[in-house]
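Below you will find the structure I want to go over with you.
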Amino acid sequence: MTPLVELRKVSKFFGPVISLKDIDMKVYPGEVHCLLGDNGAGKSTLIKILSGVHKPSEGQVLFEGQPVVFSSPREALNQGIATVFQDLAMLPLMSITRNFFLGREPRVGPLRLYDGNLAARIAREELLKIGISIRDPDQPVGTLSGGERQSVAIARAVYFGAKVLILDEPTSALGVKEAAVVLRYVVQAKARGLGVIFITHNVHHAWAVGDTFTVLNRGRSYGTFKKEETEREKLLQMMSGGEELEVLAVELELIAKRDPAGAAQLERRIAEELQEPN
Amino acid sequence: MTPLVELRKVSKFFGPVISLKDIDMKVYPGEVHCLLGDNGAGKSTLIKILSGVHKPSEGQVLFEGQPVVFSSPREALNQGIATVFQDLAMLPLMSITRNFFLGREPRVGPLRLYDGNLAARIAREELLKIGISIRDPDQPVGTLSGGERQSVAIARAVYFGAKVLILDEPTSALGVKEAAVVLRYVVQAKARGLGVIFITHNVHHAWAVGDTFTVLNRGRSYGTFKKEETEREKLLQMMSGGEELEVLAVELELIAKRDPAGAAQLERRIAEELQEPN
Amino acid sequence: QQLRIVVVTHGQASDPFWSVVKNGVEQGGKDVNVQVEYRAPDTFNMVRMAQLIDAAVASRPDGLVVSIPDASALGKSIEAAVKAGIPVISINSGADVAAKLGVLLHVGQEEYVAGQGAGKRMKAAGVKNALCVNQEVGNVGLDQRCKGFADGLGGKVTVLPVKLSDPTGIKNAVSAALQKDPSIDGILTLGPTAAEPTLQALEASGKLGKIQFGTFDLSPAVLKALSEKKMDFAIDQQQWLQGYLPIVFLANYKRYGLLPANEIIYTGPGFVTPQNAAQVIELSKKGIR
Amino acid sequence: MVAHKDERLHPLSPWKRLLLRPELGSIAGLIVVFLFFAIMAGNTGFLTWLSVRNYLEVAAQLGILAAAVALLMIGGEFDLSVGSMIGIAGTLIAVLIHPDYGHLPLGVAILIALLFAMGVGFFNGWLVLRTGLPSFIVTLAMMFILAGANIGFTKMVTNLTIVSGLGDVVAKSSLAHLFAGSLLGLPASVWWWLGVTIVLSLVLLRTPFGNWVFGAGGDANAARNVGVPVFRVKITLFMLTAIAATVVAAIQTLSIGSANVLNGQGKELEAVAASVIGGCLLTGGYGSVIGASIGSLILGMVQQGIVYTNIDTDWYKVLVGGMILGAVILNNYLRKRSMEVRR
Amino acid sequence: MVAHKDERLHPLSPWKRLLLRPELGSIAGLIVVFLFFAIMAGNTGFLTWLSVRNYLEVAAQLGILAAAVALLMIGGEFDLSVGSMIGIAGTLIAVLIHPDYGHLPLGVAILIALLFAMGVGFFNGWLVLRTGLPSFIVTLAMMFILAGANIGFTKMVTNLTIVSGLGDVVAKSSLAHLFAGSLLGLPASVWWWLGVTIVLSLVLLRTPFGNWVFGAGGDANAARNVGVPVFRVKITLFMLTAIAATVVAAIQTLSIGSANVLNGQGKELEAVAASVIGGCLLTGGYGSVIGASIGSLILGMVQQGIVYTNIDTDWYKVLVGGMILGAVILNNYLRKRSMEVRR
């Protein structure tokens, strides 16, 4: 099976900054590919290359087996690659509906005018599906809460993503309930045969939906692992680079504090909480 | 013991929008007070009142037992209330160091000039403590990754927070390792006798460090619970309205994926579960 | 019922030349007891001026005074005023077209002719290569002054465009021009705005007295320079009369039907020279000359 | 439209809802300005039909420009060269149809001027987008270039800085009526103004392109990321602005019968002022075409209304400034009072 | 400073590091402009000391203004009234010290003018911050008001629009030398320029206040949230700009010996242009005072240099525009090439 998208030895430099170096990656249809890694590892940079925002400095991007160079996000979108960016790409002064359809407006009539009513209806429906009941589809996005805003971005990408859905930390600002809905979306998209690239720092979320895991570290790839081949604990360890050790260190530090007894106890609890599988 | 900060029947309206209604809340020294709730519940609005950004439409804020009206965030800061805002309050074009010290610059010499060297050193150290090794303290914040940016904001608040530390979803964009460091900070601040208000959607994080939990729902308070009086599962249920069910649903769905016929059916079940009153 | 006369010209209220015209208008209003209103666009702008005339006509005044720097632009509006039965007198520019447009009479004189006078005067002083300092390129009145000057001089005339709002820029542009072409032996400035900085440039470069230096229009500083022989002449159109006379004429025309028989009443050009400068100084300070 | 109830919402009166529209706030400013002059100058003819026509004509020329400039501003860009564009397009048309110089039919002359304007607009936009330089500085330079080229060209052809004597040509051409004629007692420019405002307002509010304009102005990067062809949108807007300038130039030149190189100077700031009075944000992403038109009407009324009062011209500008300030403050106050919810 | 290695960094040459400074890119523009005139007009005196002094003086007056305007722009605001401020402060000083009108000592006159300017600056800032209106429109209105008040006031007092005949007063006052004298062969204004640039540059880069300016301009909301007294910062900047305008007015009035009501008109845009050429962002939060000074020097050199060339003066403005465009494009290109890392 040819992968839906493939990266071959892709690197990206920003002036003196080496953001990505020699990344290989394949995403197949019907696969949820989790992209993991520390802050600043290069995950967002990688998906920006896939969605046409950046051009790779070195290496090649293949889409459905063909080498492509997206000169704009519009081209990637036209190929069916929809992205939720980490900074959401929302216009704060624009209404929810217009934001939802920005760049892909529904048209009506012989003059191919913007179909505001249809747009408002669809936007409301799609947002209801994700669990957000908006007060007024004409409300400017700037007045939404962080999570509401993220939900709008996700609903939009899901609605327009035809072949590949890229989600850059979609659940970071979401409530528990809303996050669950997003995870469900990921699974639905996968069931529809889309390739999904899912970036998260939450190992529970990653483990719940991921089929494949690629771990980045400081711009380089640690490698790609199938779910079958790995374990949750191993993944956690890769994500955190030996978290246990740190928690231990924290504990030691706290013992040296004023209220050693209480602190140590608390600390131990932290350690347990963080490791405890659900 | 007088609470460090106290809200009495606080409400906040934005034009027609009722963002908060009749909130009571007390935060004591040496306490980590978790503020929980769905997206759009009003958590950020509440802490913006505490940090001097908004003035309450109704009700009263007390600081160390005295009624206060902060007319600017600067006043709140001067009282020792430091906040990490959800949107971080960072200047993208400004360097890391200058952002770190913006509003509270270290001064040197008879002319009370800005002490750039000291500032750079402290910023670098504080960021190293949180686990971020910056390439260059003169780098504009706009070129940092989301997580790096968040770390800078947290380091800043921790450095300047003297009595109350308010963290609005500080861990949302952080990697596992960095998130653990932030939790450690929270515990440290508590140990130093600070009152900490901690907003999160991650029940693991909340449970790990929280002493008291206030749950908001659509602008109103569900009430405040002590850790001793509640259980993790109950809290989770309040936060999410039944996360377990969902995780289960996701799991089921995953299985069903290989059996497309049953997918639709499962969908329906999930929908039911999500609507089910808890 | 007090008479009301509106004056619309192409010279903004801030222009030294036109501010004297306006003073004349106001004095005329006081002397013959009529209400006067002076209107002008912010810059030389025929579109704006036509609109102002239209508005003036709509306000049904008892008399209208206009300048006509561009007959084809303003003709329609002036004809409309005449058609509406408003007596119109033109001032300053437009002597050649006034009668054709139905204007009662013209007070003033062509800019071109005045420029020519300056040119001839410099020619007589032996000037061969002159500079014409224009502080508002595109203002047709100023263009015509330069053109007349060139024709009258018959020698080489270079136009130096400067910004009227930047005296230092004017001063330095003149001194640069003098430095670039040392053979320049005459300078004509088109108003006191440019004359005063030019004087400074001449002083600074030590060419004072070696270069024939004349200007259009008067100001206290120009007159002082004249009386100190730092300048050679200033062209005086007695523009105060261009403001004063039409008001008096219109008032008398309206009240008694009286009007001079001349079609054109010339107010200039008069030349103020070091010889007669002293007596003008006090009047200039009062904004009459 | 939305019959949706939510306990988190106070009820909002329809009157307040109306004030929420960016343009409607400015109507209050308009009313105040009108009342001011009606009281100050009602007896000297300000309230006559002639006067109405007079200030409508002034407002119309500004309004045609401001409608396009507002769109450009909503799209996040500035064009300071638009005033000089009026000047050069005007003399170009005048020279081309002049019996002494161009001898061309009016239609051809206007076409040439339009093509020239579109070229300049394209170049402006291309330069701004290619270099990433702020449009302020690029179009400021272009303002100088066009103004200078205008003087140079006009002097070269005519030896003067004015091209006059078009009366006969205009009278003979039926096309000229389209720009200089009148209909139902109102000059053609007023109809142009109405048409341009309606069309551009519809474009802004009812077409995908309008949505893109908001997007490109609000955050060009975000808009590009969701697939808006920002480059194309902005270039189109620059060209549109240049076209509007040419239309104004044609109206001015043909109705006056002459063209001066200084024509249009300063109009660029007036158009921006009209847009801002009408509720456009200077930073882009927000505003309305109708608002800009109302802003133009306010400015036109102030400019012409003063002629009817007997205020000394020396203080004229104080009044203009004061009225502008008063209008925007009122507008802003009303809008804020009723829209704390927005932004 | 930073002896810190990171494998995620390419090495960056010191030369490129230099180009990263916002002001240094504009030096390239300066060099190109200089070379252009040196080649075109080297033999007609452009390279003489006289000419250097000549363009330095023109640049200095703009530069004093531009330094303050740049600071204001970095702080996220505009001041279009600064040109009219020069005009009114100039006539105010002239009237106050004039032997026929004010009879006041020069020091007192300048003090009064300064207080007046600070009052206007304060009012500008206060209005902008209180109403939340864009400074563009508020100061545009103020530009009209000041220009009008200037004409009205001057005509009321003197019956003229030009206040001349200060020569004797200036010659007698030793304080006048501070503004109109010269030192080491250079006019006082050049020294003022140097001083203002250095002081304001230090304020921007080396004081907490400077940091607040960047903050207030970059994102006033975020800055306020972290405790920057945005209100105070911006008001101070508006007042500083008005003070700079008054200094320029004093220099002009005292060195020319007369004041015209039109003085300063258009300087507001020139100052903004100089700042932008020198790397300031129109949206605020980024820029440099030194850059603005270099921008002023470029503009001054272009303005004066053209007189030395043999280019037909009709086309003068084309060249001005072209040179501005060339300078910013070059500057921008160089900066971009070496600073892809910065946005």
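Quick notes
In this document, chain identifiers A, B, C, D and E correspond to the written order of the chains, with residue numbering beginning at 1 in each.
In the analysis below, contacts are C-beta pairs under 8 Å (C-beta built on N, C-alpha and C of every residue); 3 or more make two chains touch, one makes a residue touch a chain.
What you see is a predicted model, and the numbers here were worked out from it, not measured in a lab.
The fewest steps needed to get from subunit C to subunit E, moving only between touching chains, is 1. In terms of the distance between Cα centroids, subunit A is separated most widely from C.
Using the average of C-alpha coordinates as each chain's centre, B ends up farthest from subunit D.
In this assembly, the C-alpha centroid of subunit C lies 33 Å from the C-alpha centroid of subunit D.
Look at where the CA atoms of subunit A average out and do the same for subunit C: the two points lie 73 Å apart.
As a whole-number value, the distance joining the C-alpha centres of subunit B and subunit E reads 44 Å. Averaged C-alpha coordinates give centres for subunit A and subunit B that are 21 Å from one another. Among all residues of subunit D, those that touch two or more other chains are 8-9, 151, 281, 312, 314, 316-317, 341-342. In subunit B, the residues touching two or more other chains are 14, 17, 87, 135, 143. Across the assembly, subunit C contributes 13 as residues in contact with two or more other chains. Here subunit D touches subunit A in the complex through residues 1-2, 4, 6, 8-9, 205-208, 210-212, 214-215, 218-219, 221-229, 281, 285-286, 341-343, going by the rule given at the top. Those residues of subunit B that touch subunit E in the shared complex are 51, 53, 72-74, 77-78, 83, 85, 87-94, 98, 101-105, 107, 111-114, 116, 120, 133, 135-140, 142-143, 156. Every residue of subunit A that touches subunit B in the complex is listed here, in rising order: 14, 17, 37-41, 44, 86-87, 131-132, 135, 143-148, 150-151, 169, 172-181, 183-184, 187-188, 190-191, 201-203, 208-209, 236, 239-241, 243, 246-247, 250, 253-254, 257-259, 262-263, 266-267, 269-270, 273-274, 276, 278.
Residue ranges of subunit C in contact with subunit E, taken from their complex: 13-16, 19-20, 23, 158-161, 163-169, 171-173, 175-177, 179-181, 192-193, 196-197, 200, 219-222, 224, 285-287. Subunit D contributes residues 80, 127, 131-134, 136-138, 140-149, 151-152, 155-156, 269, 272-273, 276-277, 281-283, 312, 314-322, 324-325, 328-329, 332-333, 336 to its touches with subunit E in the complex.
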